[in-house]
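We call the chains A, B and C, going by the order they appear; numbering starts again at 1 in every chain.
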Amino acid sequence: MFAWLKKPASETQITHGQRLWLYVLAVIIMVLLVTPTLIVIPMSFSDSQYLEFPPRVWSLRWYEHYLSSPEWMLATWTSLKTAFLTMLVATPAGVLAAYGLHASQVRFVRAAFLFLITPMMVPLVLVAIGVFYVYAQIGILYTLFGLVLAHSILALPLVVIVIGSALKSYDMSQENAARSLGAPRWKAFVTITLPQIRFAVVTAALLSFLTSFDEVVVAMFVSGGDNPTLTRNMFNALRDQIDPTIAAISTIMICVTTFLMVLAQIFGQQRAAKD
Amino acid sequence: MRSQDSDALPISIRGVTKTYGAVHALDDVSLEVKSGEFITLLGPSGSGKTTLLMVIAGFTRPDCGSLKFGEREVIRTPPHLRDLGMTFQSYALFPHMSVAGNVAYPLKLRKLQKAEIAERVEKALETVQLGGYGDRRITQLSGGQKQRVALARSIVFEPRILLMDEPLSALDKKLRDQMQIELRHLHEKLGMTTVYVTHDQREALTMSDRIAVVNKGRIMQLASPRELYERPANRFVADFIGDSTFLPVERSGEQVSYGGMPLKFVQAPPDTPTLALMVRPERIVLSSEGPREGANNFAATAVEVVYQGDSYLLHARLDDGTLIALRGGVRGASLSALPNVGDKVTLTLAPEDTVLIDGSEA
Amino acid sequence: MQATPANASGLRVDEKLERMKLFGLSSPALLLVLVILVIPVGWLFYVSFLGGNGQFSLENYQRMVERSSYMRIFRTTFEVSLVTTGLCILIGYPLAYFLSQIPPRIANLCMITVLLPFWTSLLVRTYAWLVLLQKQGLINEWAMALGLWDEPIKMVHNMTGTLIGMVHIMLPFLILPVYGSMKAVDRDYVKAAANLGASPRRAFWDVFFPLTMPGLFAGTLMVFILCLGFFVTPAVLGGGKVIMVSMKIVSNIELFVSWGAASALGVVLLALTFAILWVASRFLKLDQIAGGGH
């Protein structure tokens, strides 16, 4: 241990000992980053009305409460549907856009790209109230359709960026090769380009799903009625009092996120292995 | 033209112009490639040689011009209907397919029977000496093998025209030399009309039936390798192919003189406003016995002598200040007879080697 | 040479058609953003210039300048954003540096601690802090058990809670780009500096730090912009004591149904955001040129 402290930690001959402060600081920061999220998990299994850690009596009552509540079930179902449909809208639209912008040499490609990523820069509240008003006018407020469209523009920038950067590192002469061998352009894209950026497409799809699933502010305004999202109901519940049911739902959401992340990671590793 | 294959197609390019903004990538280019010919587009980077190849392939659409494969006008035909084989600088192999998958791709597009595809793939791989490699992954191949697969893929559907974009530039020198010979043999065997792009003059000289030297979007000269080297049309071509020093000369009537000394030459000089004398280092000779009768003699001072193993290089300054290079063989006594720096030397140029070219800078 | 065939116009049409076809692939996405983002926001812009009587008026903007409550909201927004961004830099930069210096295998493992919160729902994380920081919460409980303080301290529903929550949520946005730019620094630069006689400290500040500026700048910008328009975390953890612009917009709609006031605030927020991005885009370019000069 002490020998390790005297070993050089970098090419500039700083020893691990001299860097100890950095290691300690980093560990503290990393602990602070993850624990607040993870501590919710054991707390959700507490029997107490006041979230305890560690729980004195373990129980599944908050999960039971969640699963037996028609409101929470409806909200969960809406969130899942919305996220799934958002993924189905944003991914193809974003992939096509990224490819179109990458392949066409029109002068305003850069402007179009910036335009497509503006939803990322406009404050969410503004999107929410603007969409709220317009939806109310045309009568699609509180519909799945409207919510999916609104979430799709929030997911689009991520898809365009992820696919765009994948295309940048992709050798377009492969597509030319396919065309010279007799494939029309669309076929060259489908048989040659698409299979090679498939990991980016999967990543983009997962990101779209998560973007919609986690979104609060827009959902607060344009979801509701028959179609409230999970996040909308959670937010409203948070403003009132600390309901332990939220801990159970949070745990489930963390699991969903972690699952999707692991999925993306596996795809990422396959990509690394292929390269 | 070495092989007369009835399947090969001539290519006729007429008046092709391509501009990017104010830049002429191709400036009214016309070129006739004979059926079965191996022609090389040679030029520095940015000369327009690749643009011309891309026009033939259909990936670059020119502003105007005509392009015919045989009798068929194809300038507005999309690339996938041009039916030509092409290899790319980066090979452009499909990494998500096996070697056989790559080679089978054009056949599948043409909806051939499975059995026939398998047979033709194997045959094509054998042609490029990769028989039995079909199951390999692309990432498992060496650079030379990748090049062969790309070649097999571009010939497997028996196109009548083959385009090659700097196919050997990513290989090391030894492999490149070997592949040059192989490509040449393959061309003789298959006989398809081939357009080859390179910036390597030696590669062009080794492989081509004819070479088109391209610069600034124009074809500077179209000629056989030998003619190109011996009788370059202008200073650009002379400079680009081989080393040379240019000496200013004056013309008065039939006579051409350098520094007041009338030159003896065999080949008549071109009919251009200015002339220059092109001196290749391996053609000018160091004379140990002073000026020689019947040759052009130049008095000079040795500036530097470099021993290079198989030869030596002498830099000498002519009386008018021009630095001239001379390459000589190192054999027996010549090694000990090399001049020292500062020695007065006489350089001689035989009338057959006295080449007068267009002196303008273009 | 033969005369040029008269096909120039045909070729030009082909070229235009092909380009437009390719560009057309992005039209569904462009249309989506146009209809769902530009039109609604454009409408807000329009409404912000309507007075109470439905006529063109600047009263919504006048009110913002005249009423001190609005000025206070803007000041709070900027204060919260600046402090959050500053804390993120102070905490995030050392962590990114740590991650960039340790062996990649361990770094990837440690990276999970950054990525996990990044992908976890923001609402879940805000909720977690609410639970931890409340009076009967874990932190108060443990601190009192350890004897750090005797009475429960109020750490949530105020500025403290808001800042803690926001820093936690924004940190990954800073760490990821900074880490990226640190990994991109060629280690030979630092070696060269050491070889030229720089102490490790000098080598860090003279060579390494300037080279990571683009990442730090991008991360800082990202965090600051996100903070300006942030809603959920201050709304939950601020407990009504920390009012930021986006919260005022929401309450204008939800409580007062005052579209004019909400829109005007929104327009100002949007203008501020774009102004910062615009200014930053100039500096980012300058910065990259400076970075390339090293």
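Please note the rule applied: a residue touches a chain if its C-beta (ideal position, glycine included) is under 8 Å from a C-beta of that chain, and two chains touch if they have at least 3 such contacts.
What you see is a predicted model; the values in this text were computed from it and never measured.
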{"item": "Of A-B and B-C, pair with higher C-beta contact tally", "value": "A-B"}
{"item": "Per Cα centroids, the chain farthest from chain A", "value": "B"}
{"item": "Interchain centroid distance [CA atoms averaged], chain A/chain C, Å", "value": "16"}
{"item": "Gap in Å, rounded to a whole number, between the CA centres of chain B and chain A", "value": "54"}
{"item": "Chain B residues touching chain A - in the complex, by the definition given at the top", "value": "57-59, 78-86, 88-90, 92-96, 105-106, 109-110, 139, 150, 153-154, 157, 163"}
{"item": "In the complex, chain A residues that touch chain C", "value": "9-14, 19, 22-23, 25-26, 29-34, 36-37, 39-40, 43, 50-51, 53, 89, 93-94, 96-101, 103-106, 109, 112, 115-116, 118-119, 121-127, 129-134, 149-150, 152-153, 156, 160, 210, 213-214, 216-217, 231, 234-235, 238-239, 242, 246-247, 250, 253-254, 257-258, 260-261"}
{"item": "Parts of chain A lying in touch with chain B, wherever the complex brings them together", "value": "171, 173-174, 176-185, 187-188, 191-192, 195-196, 274"}
{"item": "Touch list for chain C against partner chain A, complex", "value": "19-20, 22-26, 28-30, 32-33, 35-37, 39-41, 43-44, 91, 94-95, 97-99, 101, 110, 113-117, 119-132, 134, 136, 138, 168, 171, 187, 190-191, 194, 200, 203, 225, 228-229, 231-232, 235-236, 246, 249-250, 253, 259, 262-263, 266, 269-270, 273-274, 277"}
{"item": "Complex contacts: residues of chain C adjacent to chain B", "value": "1-5, 7-8, 10-12, 14-15, 18"}
